[in-house]
Amino acid sequence: MTHLSPVLAFSPEIVLVLAGAGVLCFDAIWPGRGRVERWVTLAAMALAAACAVLVAMSPQLYGVYFAGSLRVDATTTFARLLFMATGALVVLSSWGGDGEGATAEYYGLLLLSLLGESVIVMSQTLIVLFVGIEMLALPCYALMAMRKHLAGAVRAALKYFLLGTFASIVMLYGVALAYGALHTISYVNGLFPDPVTLGAVRAGLAMAAFLLLFAGLGFKATAFPFHFWSPDVYAGGSAPIVAYVATVPKVAVMLALLRVLGPGFAAAYPVGRTFILIVAVLSMVYGNVVALLQDDVRRMLAYSGVANTGYMLIAFAVGGAASARALMFFLVVYAFGNLGAFLVAMAVGPDRPVSLKDFAGLAGRNGLLAGGMAVCLFSLAGTPPLGGFFGKFALFKAAVDGGYAWLALIALVTTVIAVGYYLGVASRMYGSLVQPEETGSEGVASIAGRIVVPRPLMAAIVTCALAAVVLGVAGVTLLAAAG
Amino acid sequence: MTPTLTAFLVPALPAAAALFLAVFGRRMGERSSHVAIGALALSLIASVSLLVGAFGHEGPLVHATVPWAVVGGVPIEFGLFVDGLSASVLVMVAAVATMVFVYATGYMKGDARYPWFFTVFSLFTACMFGVVTSSSLLELMLFWEVMGLCSFLLIGYYFERPDARRAAFKAFITTRIGDMGLLLAVALLLGRYKTVDIPTLLAELAKEPKAFMWMICALLFAAAVSKSAQFPMYIWLPDAMAGPTPVSGLLHSATMVAAGVFLVCRAYPLFVGADFLPMIAWPGIFTALYGAVLALTETDIKRTLAYSTMSQLGYMMVALGTGGLVAAVFHLITHGFFKSLLFLSAGSVIHGTKTQDIREMRGVGKTMPITGACFLIGALALSGIPPLAGFFSKDAVLASLLGATTVQPVFGGTLLVVGLMTAVLSAFYMFRVYFGVFRGPGRKYHESPRAMIAPMVALAGVTVVAGAINLPGLRVSLAGMLEPGVVEHAFPWLMAVSACAAGAGVYIAWESTRLRRALHGTGPIPPNLQRLYGGVFLRPVFAVSRFLRELNLDYILENLVVAPVLWLCGLASRLDPDVLYTAVFVNGVGRVAASLAAIDVTVVDGAVMAVGRAGLGVARGSGFVDTRGIDGAVDGVAGGTMALGRGLKRLQTGVTANYALFMIVFGVAIFYVAWWLAR
Amino acid sequence: MTGMVLFFAAAGALIASSIAMLFTRQFVRSVVLLAFSLILFGGLFALLDATFLALLQLLVYAGATTMVLVFVVMLSRPKVAAFSTLLQPQTGLAAFVVVAVAYPLVSTLLTLAGTLSSTSQPVATTRDLAYALLGPYAVPFELASVVLLAALVGAVYLAREAE
Amino acid sequence: MVPPVYFMVLGAIVFLIAMFGFLTRRSLLQALMCLELMTASVSLTFIAIGRSMPDGGLGGMAMATFVIVIGAAEIGMGLAIVMLYFRRHGDATTDDIDLLGG
Amino acid sequence: MKGIPVLSVLLLIPVVASLVVLLLPGRMERLIKGFTIAAVALTFGWSLLVLSRFTIGSGAMQMIQSVPWVPAIGMSFKLGIDGLSLPLIMLTSLLTLLCGIYTWRLDKQVKAFCFLLLLLLVGMLGVFLALDAVLFYVFWELVLVPMFFMIGIWGGANRRYASVKFFIYTLIGSVVMLLGLLLLFFWGPHTFDMQAIIAWGQAGKFTLQQQGWIFGALFLGFAVKVPIFPFHTWLPDAHVEAPTVGSVLLAGVLLKMGGYGLLRVSLSALPQAFAAFSPYLAVLGVIGIVYGAAVALTQKDLKKMVAYSSVSHMGFVVLGIAAANSAGVDGAAMQMFTHGIITGMLFFLVGMIYERYHTKEIARLRGLITAVPALGILWVFASFASLGLPGLAGFVGEFTSLMGGLQVFPVITAFAVIGIVLTAAYFLRTLQAVVFAPHEEDSARYEGPHTMDGTEMAAVAPLAAIAFALGVYPMLFFSIVDPVGRALATLVGR
């Protein structure tokens, strides 16, 4: 069985590659509309998920493969399942009424991008990590630009490409420096060894390498100084892809960072820890405060993404196994909440910028949509009994446990600010359900008729909302299991 | 019928009647009064039997309690406590109440809310009985305040009229202020002694340091002052006349106002122990004088009687203040009879003449002989003309004053002199009203119906006889009951002096009425009066009285209480944190931001400028409270956050190159800061 | 000794051409300068005995990418006005940052060199590289092919739709 | 034999120049060219560092290979998007696409 | 019956009911309303069962159920009930039942309203039952969302502002409180089990400095909820805009969570810090009493006046808690219960008046006694009960708190008396204007029927009865609370 184990261990990835290539070839032979490819993609994802579960059930497959370049363990399984789930939701949402946008290439690239995600999580060497990031990014640039009739799409794609490539090249330079400082680029058990063994100079260079590496990963995870691209790109890009880009890469990069830095990094490297702390605090404050000002819903969600990255970084600043577990649960909850919110924004204003005014009286126009949005937002805001609360609670508890009570306090205060703008949306949606909203300060646009939402998109939104609720009540035990 | 059961029946019956009428009153209409009067009659009989039982029985006749609540591990019991004092007062209250109830059936006939009137009236009587028979201070307070509620509802009975509403409001608030004293006293005592049972309390308190006892007395006396309308808390009594006359007849003559005096009597050993007596005497005598003087120039017949009640209560207080417990109780009982008689007859007069202004009433006596006679008997009793009850009780009060003089000549002396002056004035204002209203030529009025006349006549009879209950030699006397064994030393010459004082008052009243008629050109001018009395006695007194009426001290005192309250409320609403936040945060921070923007430093509008603006997050002069986002939901604090947000938002220039630049700049900056921090 | 001369010549030329590329106003001249600097990079690789890399660089970058760049410009005929001047708001800050980063980076590189062993050990030949690419580096190799596939499909789709 | 450290320094210098170019260039194409230059300098650094590693530059060369390959793929994709952008906006400057607003 | 986890079922009924309501079709409003009333009635019945199985007179925690929920963060689903929480549970289930009956007249968005009402019931019951710090916090926050939507959707004109302000204020408080709970975990026995924490605190294992920090954090959370003086500005806005049922539950139950928290967590687990801080707490309480009454006197809006009266009455609760002797704690518990009953009744009446006159402005409301005699009499009864007339429930709570306060802070407590007089002043002023003053030409017109309909009477009558019964014979209540009061008092050594 041993020589087969790599194939079995990586069966989900193999399925994805084959499906990706298959969809592309299939279209080359029968250039029909995107009808069949949709189902093939979903089937492939389901199969990949099944394989992942099978691999999880036979732990002897766990281990490091291909001379220390890929690792399959519990985190990988967790990542695979999450990516397949979110990927499936994105596919569902991009079914779209017009179907014009969802051509074969669209699904092919999406599958390849998903492959890139799981490669990132599984990688154990920096070069594989870099290749994984590119595999994730390139399809996104293309997908972003795919809906050409959309004025902003091409412009957003170009901006995303330029800054994305810039960031990855900067990261590459970091990899080079790391190779120079550490003589190795493999991080099977954490890239940065004990600083004492490295000696002062090489430790210094290692820190420089860490900065540049963090720049590359921070870009994808929209941490504070590296997030500037996200508001413009989210506001401009075509909806389903924006939802995908805003959620899945962030989760992948966070898990990759978890592997690269390893549990001991925070304790060993005070400079690194302080850097992450500052970035975390700035992300939280900046993200929430600026989000308060936004009128475009997707921009607001972009800034909320920045803030949530800040919360995620707490786990790195604190370090240790407990915070890693807390981070993973938070990632799941964030993924579904954020995805749901973006999809609702897409449903409210397909392929056009969506402003808060469009959400006025949404409850009257489509109850289920408003309900889904409310649940996702309240989960992101962290109100019990939704999953968001337990995610944030676990993180803050880890922070206080690690002696960073002040960090937890800042996080709590910024959460309150976050509730501010989440509530703004919720109160707009439900405000005029009973009495008509007087034309208040923002002069409510005439509330248009009922919003018709394509069935698969609504299914995706409801799934996200349900996930937030289930994660809240039952999923909490998941927190223990995910460990 | 054990005494305890009868004692329980006395308050229970009218309470039951009140409950019954509350539910079925509307349907019974006019017949609802029968229920009330029946219950009251039974209570009267029960109280008389109690009185008989209580006489000669050492120690309290009835002392039974039942657990009411357990607070902080302290069991609080409510129950009944009947001794000589309460039995005697009980009888007086029951008798007067019965008479007034009968009178009310006549007076209130045809009123729309007749059953409601008798419901509240019965509830009131039940509460008065409750106050008199309660064993624990907390229970007393409970009945005390419910009595306040009944007075609010009764005074405000004609709630269509704004003055009645105002009077009710004023009455409740003023008494409420006083009740706070009682509340604090009860809370303090319960907290310290873990019991509220009056006898045990009095025993415990005897052993207490003087200061604490003095404080408790002060608190209790505050409640008494407000209830018995002593100076300065008397302002509600004159206005309370806005209520129907039976209410004035019962509440503001015999029962409610007497409750204050009764409270002091009930806790008398405490007051004596803390030698708090002078503090009672001085306000008492001043109120007596003050009431009498104001009554002189009062034009409304009921307000005159109200000031007279205030004055007589002053008398009782001063008697208590000089150790004359028996005198006070005796005067309380007799006053209850003749004052309610006066009120009822005044009511009958008003009923006949349809006006309350004595200047418009002329010669009522001719056409309403019985009312006239009753009023005369009441007036004689009040002035203290022997052999009526008033004479004996007022004499007892003056005797106690004289007794005090023997102990402290200055203190007692002044009290006695002022007491006598007030006696003269009392006689004077009573007969000024009598002569003015009942004597001389008058229009035709027809006598009030029998239902009103009968109780008046009965009360008149009792007033004549009441003096006897405390004759020194008598075997069954009030003194015997209250202070068995204390020999009451009588001062025969004092009786003579007080009788003369009363007579002088009557004579002056007669002369002044003739003088007034003369002034109005309706009668000859008596030559001797001007020279002899006018100069010496009449002019200054009238001047003072007129001055006081213009001064309208009531209004001033009222504002003394209301002004600080309005100021406090104004301050509170300005202090409201909501207002505070907007003032401090929204405008304050706004002004700071605006000033900062004014010195808008533009160095090189290149890289440094961008970083500078972003870093500072200065709210560039834009409208500060721009309620974007959450519609300005969170107040001042949000304003600050918004400004910070607007500052940071400027980083989002939209230029790709800028973004790359910011990534590198901030990345390196944070790295250096981290390096510096963690070195 | 000749190595040193060659190195300094190439380095000087490389720096000159890259700076020139930035400051030229015509597009064609900048593309030529870019090609020239990439070729110099190939030479430098050769100097470091990385012959395969040098060849790869010449072929991929100097050749293909520059040509594609030119084709794209010619095909879509953008109104290529002369590149605007260098000066814009952020130039000052960018220059400041570059200098701020340059100094510590170069100094650490110099000190790093001290820690690294001398160049005496056996030079890795292209054969070793080949074995490595299919040995320990097999995974990135395969994944690189997938990335190329993705890029190709994306580029073709976007370009095709363009007409 | 030229000590590898010179190459590293050279790589760093060219990287910084190219980065400066990217940070300040107005034109889209210039930005792409700078990215290419930066990629090249990174691969130079990789080889230089690899050269002074005990394995005689094997790791460095392998990594440089991947850098070049992936870099090429990026530039390819980038040019496709740029051509699409030209098709729509017909202008080469990057500042045009940047006025998306904050 | 032994085996069944009684308390969990008490929570389960409303949870299941709320899910069922979600499934019912929106059109069948009568069915939904009927089902909701049935569900709430069942909950009330079950709470009566809990009352019957509760051994009165024991100060200890009873009917404890504990199921580990998230071992990873040391959290378990632990419920329990004692003399302190039982009355509040009864109050909650009773008020919600009456609110359920009152919603029979609701005709707008019925399904959503019933769902929110049941969710609110779960949250409120949960807070008083939870014995696990995180569970306490979860239910504490859970209550916010339904109340936010209730005010936001069915509220008055300025509802958006009021609902968001209510949410943010309470959230700020509870977020800091969460920090306090976390500190309790870390400095304490490393478990969220409340009983373990309280035992740890009572054994004096928290250093005073630690207690100070935790107390400060917890205090902010509870102070916003009670509300204590400087943190109360959300209450009037929330009340003015909230629908009748929202106001009743907000004033009737939500305010008590703060008081309950102070007693259950702050007093029990941090006795020394509590003793040190209690004088300031007493001062804040008395300020609340006087301030609340003073501002109420200046109010022109009937509902805002009642809201500020709540601030004033809750001042007594704070005073009682600050005294921390057995009388004080009994008084606080009693005042919380009676305030819930009486203010609930007041808000019902205000709602009924608003429905008839469509204005809450005292200046324009006239002649209620002639228009709807029953409503007029009930308003008089509620006003007198609320201003603390002895013989009615309001007095007992206030008197006991005062008694407790006088023993410990005689001077400070004496000032509270001003508040009582002012309370009498503003209630009577309003009473005379609204009920007794005759109809003028500019006052609001009302031509409707002169009687109260069935649901209205059903909502208010039980409250009036309880207010009267407890006023006349408070033994019913004190026998339950007194043992706990005595136990808590010994903690602070008063």
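Going in written order, the chains are labelled A, B, C, D and E, and every chain counts its residues from 1.
The working rule: a residue touches a chain if its C-beta (ideal position, glycine included) is under 8 Å from a C-beta of that chain, and two chains touch if they have at least 3 such contacts.
All values derive from a computational prediction rather than experimental measurement.
Shared contact partners of chain A and chain C are B, D. Relative to chain C, the most remote chain by averaged C-alpha coordinates is B. The innermost chain, defined by the distance from its C-alpha mean to the mean of all protein C-alpha atoms, is E. Annotation: B-E is the more contact-rich of the chain pairs B-E and A-D, by number of C-beta pairs in contact. Here the spacing of chain C and chain E, counted between their Cα centres, is 71 Å.
Here the CA centre of chain A is 74 Å from the CA centre of chain B. Between the CA-based centres of chain A and chain E the separation comes to 42 Å, rounded to the whole angstrom.
For the pair chain C and chain D, the distance between C-alpha centroids works out to 6 Å. Counting partners per residue, chain A has 127, 131, 134, 138, 141-142, 145, 148, 159, 162, 166, 180, 231-232, 420, 423-424, 427, 440 as the residues that reach two or more other chains. Each of residues 88, 90-91, 94, 97, 101, 105, 109, 112, 116, 137, 140, 144, 147, 150-151, 154-155, 158, 161 in chain C touches at least two other chains. Of all residues in chain D, those touching 2 or more other chains are 8, 19, 22-25, 31, 49-50, 53-54, 59-60, 62, 66, 70, 73-74, 77, 80-82, 84, 94, 97-98, 100-102, listed in ascending order. Chains touching one another form the pairs A-B, A-C, A-D, A-E, B-C, B-D, B-E, C-D. By the touch criterion stated above, chain C contacts chain D in their complex at residues 3-4, 7, 11, 14-15, 18-19, 21-22, 27, 30-31, 34, 37-38, 41, 44-45, 47-50, 52-53, 56-57, 60-61, 64-65, 68-69, 72-73, 75-76, 78-81, 83-84, 86, 88, 90-91, 94-95, 97-98, 101-102, 105-106, 109-110, 112-113, 116-119, 121-124, 128-129, 132-133, 137, 140-141, 144, 147-148, 150-152, 154-156, 158-159, 161-162. On the side of chain B, the complex with chain C involves touching residues 604-608, 610-611, 655, 657-658, 661, 664-665, 668. Residues of chain C that touch chain A in their complex: 104-105, 108-109, 111-112, 114-116, 135-140, 143-144, 146-147, 149-151, 153-155, 157-158, 161. Across the complex, chain B is touched by residues 159, 162-163, 166-167, 170, 207, 211, 214-215, 218-219, 224-226, 228-229, 231-232, 270-275, 277-279, 282, 286, 289-290, 292-295, 417, 420-421, 423-424, 427, 440-442 of chain A. The touching residues of chain B, counted against chain E in their complex, run 67-74, 138, 141-142, 144-146, 149, 152, 156, 159-160, 162, 165, 168-169, 172-173, 176-177, 180, 183-184, 186-188, 190-192, 565, 568-573, 575-578, 581, 630-635.
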